[in-house]
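Order as written gives the chain letters A, B, C and D; numbering starts at 1 within each chain.
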Amino acid sequence: MSTENVYSIGKPDGEIDNDILRPVESFPTKLWWIAFALATTAMLVMWGIIGYSFKVGLGILGINNPVAWGFYIINFVFWVGIGHAGTLISAILYLFRQRWRTSINRAAEAMTIFAVMTAALFPLIHLGRPWMVFFIFPYPNERGPIWTNFKSPLLWDVFAIGTYFSVSLVFWYMGLVPDIATMRDRLTNMEPKTKLGKFLLGIKKITVRIMAIGWVGSAKTWLHYEKMVMVLAALSTPLVLSVHSIVSMDFATSVIPGWHATIFPPYFVAGAIYSGFAMVMTIMIISREVFQLKSYITMKHLENMALVILLTGMMVSFAYTIEFVVAAYSGNGVEQYVFKNRMGILDHASPYAWSFWIMFTCNVVSPHFMWFKKLRTNITVLFIISIVVNIGMWFERYVIVVTSLHRDYLPSSWDLYIPTWADYGVLIGAFGWFFFWYLLFVRALPSIAIAEVKADEAGDKLAKGFGH
Amino acid sequence: MNANSEKGNMWRSVEAKERQKYEVEKASPNEFPAAVTELIEKGFNYSLDRKKFLTIMGASLSMAGINCAKQPAEKIVPYVFRPPEAQPGIPVHYATARVNHQGVLPILVKAREGKPIKIDGHDEHPVSKGAMTADGFAGIWELYDPDRLKTSAEKTSADFSDIDTATAIAKAVEIVKGASNVRVLSRASYSPSEKKAKSSFLRARGSRTQVVYDAGGNQAQLFAGEAKSYGSAIIPQYRFDKADLIVSIGADFLGTWITPEVYTKQHSSRRNPDKNMNRLVVAETMMSLTGANADTRFPISAGTHLVFALGLAKQLLSGSAYANNASVKKAVAPYTAEKTAAITGVDATQIKSIAKELKKKKGKSLVVAGGTNTLDGDLGSIQVVANLINSILGNDGKTIEHNVPLLEKGDFSSPAELAKLIDDMKNGNVDVLILDRANPVFDLPAESGIREAIKNVKNVIAIADHKDESASEANLVIAASHYLESWNDGYSSGVYSVAQPVIRPLFDTQSVGEIWLQLAGLDSNYYNFIKDDNAGSYLTGSLNIAFEKALSDGFFVARRGGSSSSRKFKAGALSSIKAPTEANSGLTLTLYESVQIGDGINGNNSYRHELPDPITKICWENFVAVSKADAQSNGWRLGDLLEVSREGRSIKAPIYIQPGLKDGSVALAIGYGHESIGSVGDGVGANAWTLAGFSKNGSTFDGLSVEIKKVESGYRTATTQRHHDMHGRGLVRHAPLSDYKENPKAGSIEHDLHLPGRGLYPVHDYSILAEGKGTYKWGMAIDLSKCTGCSACVISCYSENNIPVTGKDEVWRGREMSWMRIDRYFEGEIENPTAHFAPVMCQHCENAPCENVCPTNATQHSPEGLNDMAYNRCIGTRYCSDNCPFKVRRFNWFEQWEGKIADPAQYALNPDVTVRGRGVIEKCSFCVQRINEQRQMAKSEGRKIEEKDLKTACQQGCPADAIVFGDIGNKETMARAQWDLERGYRMLDEVNVHPRVKYLTRIINQG
Amino acid sequence: MKGKALKIGIPIFLLGGLIWAMMGNYPYAQIGYGPKQPVEYSHKKHAGDFNMDCQYCHTGVTTGKKAGVPSINICMNCHVSVGFKEDMFTPLDKLQPLHDKWDAGESPQWVRIHNMPDHVRFSHAPHVNSLSKPGEPTKEVCKTCHGDVASMEVVEQVESLNMGFCVSCHKEKRETHDTRMNCSTCHY
Amino acid sequence: MVSFSEIKKGLFRYEEAVGGWVATIKSAADLLKAAEKVKEAGVKKFDCFSPFPIHGLEKAMGLSRSWVPFITLIFGLSGGVIGFLLMTWIETSDWPVLHGGKPLWAWPAFIPITFELTILFGAFSTVGVTLYLGRLGKISRKPVVNSITSDGFAVWIGDSIGKDEIAKMLDGLYDEIIETPDPERS
């Protein structure tokens, strides 16, 4: 039974509430305010650029004829990838009864929601005529009706991302309900000093009461609730795998050398989990430092994540290798050229080889430090690697999108892709947008699933209790 | 005031043969009679109409979703009297001609609602047979050029003030009356009436009053050469279609030389590998279009064209009629094969072998020489040698027809006269200088000192269409009309053409003919003048009837040429010839004319600038072409800005590393670098005339020794193609004639042998799913043996399909909008590569990758095999463009029209093609608007479309007849015949997209 | 009780409204648009009472893209002799503007009623020709899209003339009239 | 094979804890025991409250297993089928459109959307039915004891039996027994 005890916190339930709800119930720290200010500025910059591009057109970006997709789509794929860890943790690890998930799943799910929100932004703003976006929804209209093209991977995306976002959102919220109920009942015995405080508290009380949808922890409700969580987990598992597979089909179903690859779906999923876990780790390391949650997010948690990163990292490396093997074996000159061009081993210059080698070092080399217990239990190392991995994963998408497009079939149409200020602005702004929401989340809602932690704790006690 | 109005009733279309009466005056008080029908009210005032139309267009584009949202109330203004053939929505075609300093170009103008919207070749013309160049098609935008002079102007004190043209002319008459020493400086004219009107002005003032010069020098050189060697200054008809072996020494007859459109047609008619195919050998410095199409090309050092000619002559001399002629012997003596090889850089054996070939083809060969890039300071010298060679080979009279010349009575003045005039001007001996559409300040070599000289002339009167460099030096500028606005006539190669106005002058301008009549103090009715005083001497039969006919046909064949006896060559002409006797050291410059800009007289046409140079694919710029070795030895790299200087004068231009350019040779295009011609042309490129040499024997464009230094790096040169290597992908396939003879599939490469079989889905059979009975199967075949890459199709496509110009920066980013482009690849070693051209437009793949990925159904396949593009359904995901293996889909990155085009440019838009707004994809539609127009007609008449009725813009534009479009489902059609040729292949067929465009392997006749 | 009504009523109302809008019943659809014209021309009188054929004035309808608004001389074919007051000189008040224009050598500026967006291409000839049956007056065909103009004092739009309108007809006539359903039929 | 009655029984609903008595319990273990006792005492209307799910509690209370997944199955499948049929109808009969030489009924291309719709319908039906069966959304509802959502446990007994009877029933397991106000009566 030692496996259970590793994660047991050994605090009374009341204590747990206090610890986890501290950030929610106390006034934000200076650190938080600074972070929030930065995030918001970046976000506003992004909206400014987007507004401008709506006004004058996408010409302000660096994309051109051969490379018609640039930073926007790269970011889209990147953020969708990030959005995978959350559901994975809350669903797959749940089904595998991995107890260590309980301390991190809430935050991870939140991260998923915001990552998908960020990702979903890009397909919209990269449209030439965003105000016409309703054309991609198949609804009965006065134009015939003319429907959408159900054979288009982009339409699959719409359904996949839509489903994924709504399901994860619901899953996440339902998970929150008991904890919100806890907040609700803690607020009743809270006394504000100032008039303003009274007013704010009033508002908070009402919102929390509404969000708690009258949860009172009845055993009958718990029973259905547990089943629901189980079912949603079971549904989310194939969903999470399908989403990135479908995103990968945007590329895999095309005819462009470097995109046209059957290995893409599993390769993308692995990559997604890889980057997702890296992102979770980054955030966890920060929040356990900032919110004194060390006893909940222990070294053991981080170590487990590190191992997942190592595993998926090797899967991704394997996928890279396969790509090259396939190209070499295909006997297709164009395909082979593209991969030589990626690596920069041509008789003439290949302008984007550097991006490939950045990706290679970050994604293939860096995870192997995790083999050593000394390193994977060292916060600094973990933090650096988790960030390096995400840089690598961003460049993976850069390699796939840009290097494949800029030199495809007809050398006559080959051209360069040179990002502009707008591209960079939106790239940074996207992070601002993501963290804007995440920072609000950690202030407003419990970032660890209280009820689940308690349940696990009780589980230990009961186990003992029944012992004698 | 204006002849056109009363004579409106003379307007004719080739279609409408019977005569109807226009009531132009009654139609409306407004300038545009036909324009008013069915056009929005704003249209009533021409300064607004189409632009407003566009505004609504833009609006409705963005409101396409909520389809008929309230639109601004439009007004319909019908005719008072509707001329029966002017039916709203139905185009009217007028047969006319472009008569200018380049010669006479017979054209067919398509007008909608009274506005010319497209210029096409005149198929029925006996000589041109409908051939056109990019230059010809581009004319439509010169008509609607917003920077054209809107009225005349007069310089009071420092700057100009507008006055109406009638007064301007009156003033001019006054000025001239008073003046003692009046001189006229003009470009050549091939309109008999114009010349006559002018001469009646000149007669009073002595023969030497007028000086005619040739900026490019092609024609002057030929006239001079012909005069020296045969005594009469004519330009004979070169019959490229009669010659089995063509040797060109510097003459770019497929691109810029004399009448490239005619020569291209003739040449391409002999590029059929199945029938006695001709062979083209070219010796030149800068790779020209002709050189790029040569079966064998000799790169020679700059300034050695003449040497090559002499060297060739020497090889041929032995055993010919001129073998014992002293002066001939003397002239060619120094140039043994070895010597020539040493100077020109060609292999001695090659010279010998060419000579051998020529000897075999006596009377069936043709040697042409000349062109701007061969002007060596002694006008016509190279022509003399070329003529000598042709006389030796007995080609004169056979492949060179002189009894009915292409152009006769070349009225060019000798370089000496020009030099004299400039001296007189310098010394202030000229009271009045009349510039007749001439821009000497821009296009005379700076060395001539014209810039300073013109300042010393008391009164300069400029007849011009732009306030160009010279006009801005003038005291009085008389606004001249565009050729589509004015009556005129022209005479070339025995054919008399009557040029009729297709629209009344957009601005307060008058045709040059009228202006001269008035200056000469005659009745200003130019129409009468043409008809009564001139036409008679060309037309036969009753004048009225004959003229009517000439007007409706657009031409009248006055004299028919043909082969004849050869002329006696005056060997004496050779005595004066001086050619370099040793190889030149250091960097030597040659100046050439570019296909798109020519001599730069139309430098304000954005479409000309956007059209990439056929060889280098660079646009919006002229550039310094250097050889790779020179670049490396001097440490120059692409993106450097070089300063070329000669005798203290210098210009800056970006570098281009030109394959097939001899080391030590440098090339630069003339015609660029306008300072004041308009918002478009100003400051585009550098004026190469700055470097040209000038003497009383003629200007020097070739063999100028220059210094070059790098002044800046990281310069952005706009180009539409950055890679020139095919990487062995068999995109443009080619095979030597010998191989083709054995194996008709020669040149096809291995990977079509293992084409992928069926994929996940069964192969779609279009013949089955085609809806209904009256169905077609559209397809296109492009013969790469014929295609010269001249880019006429590209410009024709621009004009037909309302394709926007994006400008230098956007092209640099790779955002040019051209629906069809001409891919150009180099093969072989960089010293002397082979160039291959392939026009690439949307291939209308049967398994189109673009269609599968469009989420909104904006692009889908018609049952007839067209790849449809519905702009108003497109939301701009650009996924289709990503997934297009040919990258032929273009995206509107910015709004290209609304608020972007200045009045009256909007009139050039084709009302049958939607003007695309911002944020949508566009691409070649196989001119679906033409297909549908024909279909609608056919349907309402209950028949099928006939092949002759339907041509795509590119097909119509191709002077080489390389492009054939039609119903490939129908066994009878020409398209099907081409489609079925064994030579045919589909580009990227290994991707299994099944294009509906077939390319015919290029066959090279290596002799 | 009242709460329940709201709970169910509001969503149903919203959903219904949405569907209604989707089906193209926009408040601003052009149906019923019949502006005042510079000359009070009555189709009822001419096409209805006098039973003139549409093609007498709209000459292009079987030969061209556009039906064409008659040039003023067509009006004058008759109105030089008809439509005057008793004194046989002064035209009826209704016709005064027509005569003024005629004398000034100008055309009245009619207000366009049936108006397509600029990205739609409609050609009258093939439609009219393929729909008209031998021996039947043209108006029978015109009715399909323009309604019974012969009975209108002031012409107004009767059909939405939106894409759905075109497509529905093209759909049902696919077999009988060999109509085409792909984009480039109308959009190019 | 399960009978529908069983499924129906598995879709039992939450009933409001109004009227009757509430006994607060110290620990989860005690709650289990308490539930056992109450069940054995044959009390009809009763319910247990805890801050977190306790395994075995449903057995102790004698609740039958939840059949929520059955709803998921039904809606999930119907979602998929509806989606696939809709696409088939549109692509083949309503407005057939040629795309890149693919057959009109390119069923493999419909699979991703079919799958996503299955999940979507399944997930939302699951949540919906849970909210319904748990009677969630009644925000005015108050917990029987305030500490329930933090560290308290409680048993509610709705049957009309005396306080001391309950005390006897839960001997030693509770620390206090409170009467819950019944809005109907007061």
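Heads up, the rule we're going with is that a residue touches a chain if its C-beta (ideal position, glycine included) is under 8 Å from a C-beta of that chain, and two chains touch if they have at least 3 such contacts.
Note that this is a predicted model, so its numbers are computed, not measured.
The greater number of contacting C-beta pairs, out of the two interfaces A-B and B-D, is seen for A-B. Each chain's centre was taken as the mean of its CA atoms, and the one lying most distant from chain C is D. Centre-to-centre separation of chain A and chain C, using mean CA positions: 56 Å.
Centre-to-centre, using mean CA coordinates, chain B is 80 Å away from chain D. Chain B and chain C have CA centres that are 46 Å apart.
Among all residues of chain D, those that touch two or more other chains are 95, 97-100, 102, 106. Listed for chain C are residues 26, 160, 162-163, 167, 181-182, each touching two or more other chains.
Residue positions 64, 67, 849, 851-852, 857-858, 860-863, 873 of chain B each touch two or more of the other chains.
Of all the residues in chain A, the ones that touch chain D in their complex are 12-14, 17, 138, 144-147, 149-151, 155-156, 159-160, 162-163, 166-167, 170-171, 174, 177-178, 181-182, 184-186, 188-189, 209-210, 212-228, 230-232, 235-236, 238-239, 242, 246, 249, 450-452, 454-455, 458-459, 461-462, 465. Note for the complex: chain A touches chain B at residues 56-59, 62-69, 123, 126-136, 142-143, 146-149, 151-155, 158, 250, 253-256, 333-334, 337, 348, 405, 408-416, 418. Against chain A, the residues of chain C that register as touching in their complex are 19, 22-24, 26, 160, 162-164, 167-168.
For chain B in complex with chain C, the residues that touch the partner chain are 26, 28-29, 36, 38, 41, 53, 56-57, 60-61, 63-64, 66-71, 73-82, 87-90, 771-774, 857-863, 866, 868-873, 912-915, 925, 928-929, 932, 935-937, 939-940, 942. Listing the residues of chain A that touch chain C in their complex gives 139-146.
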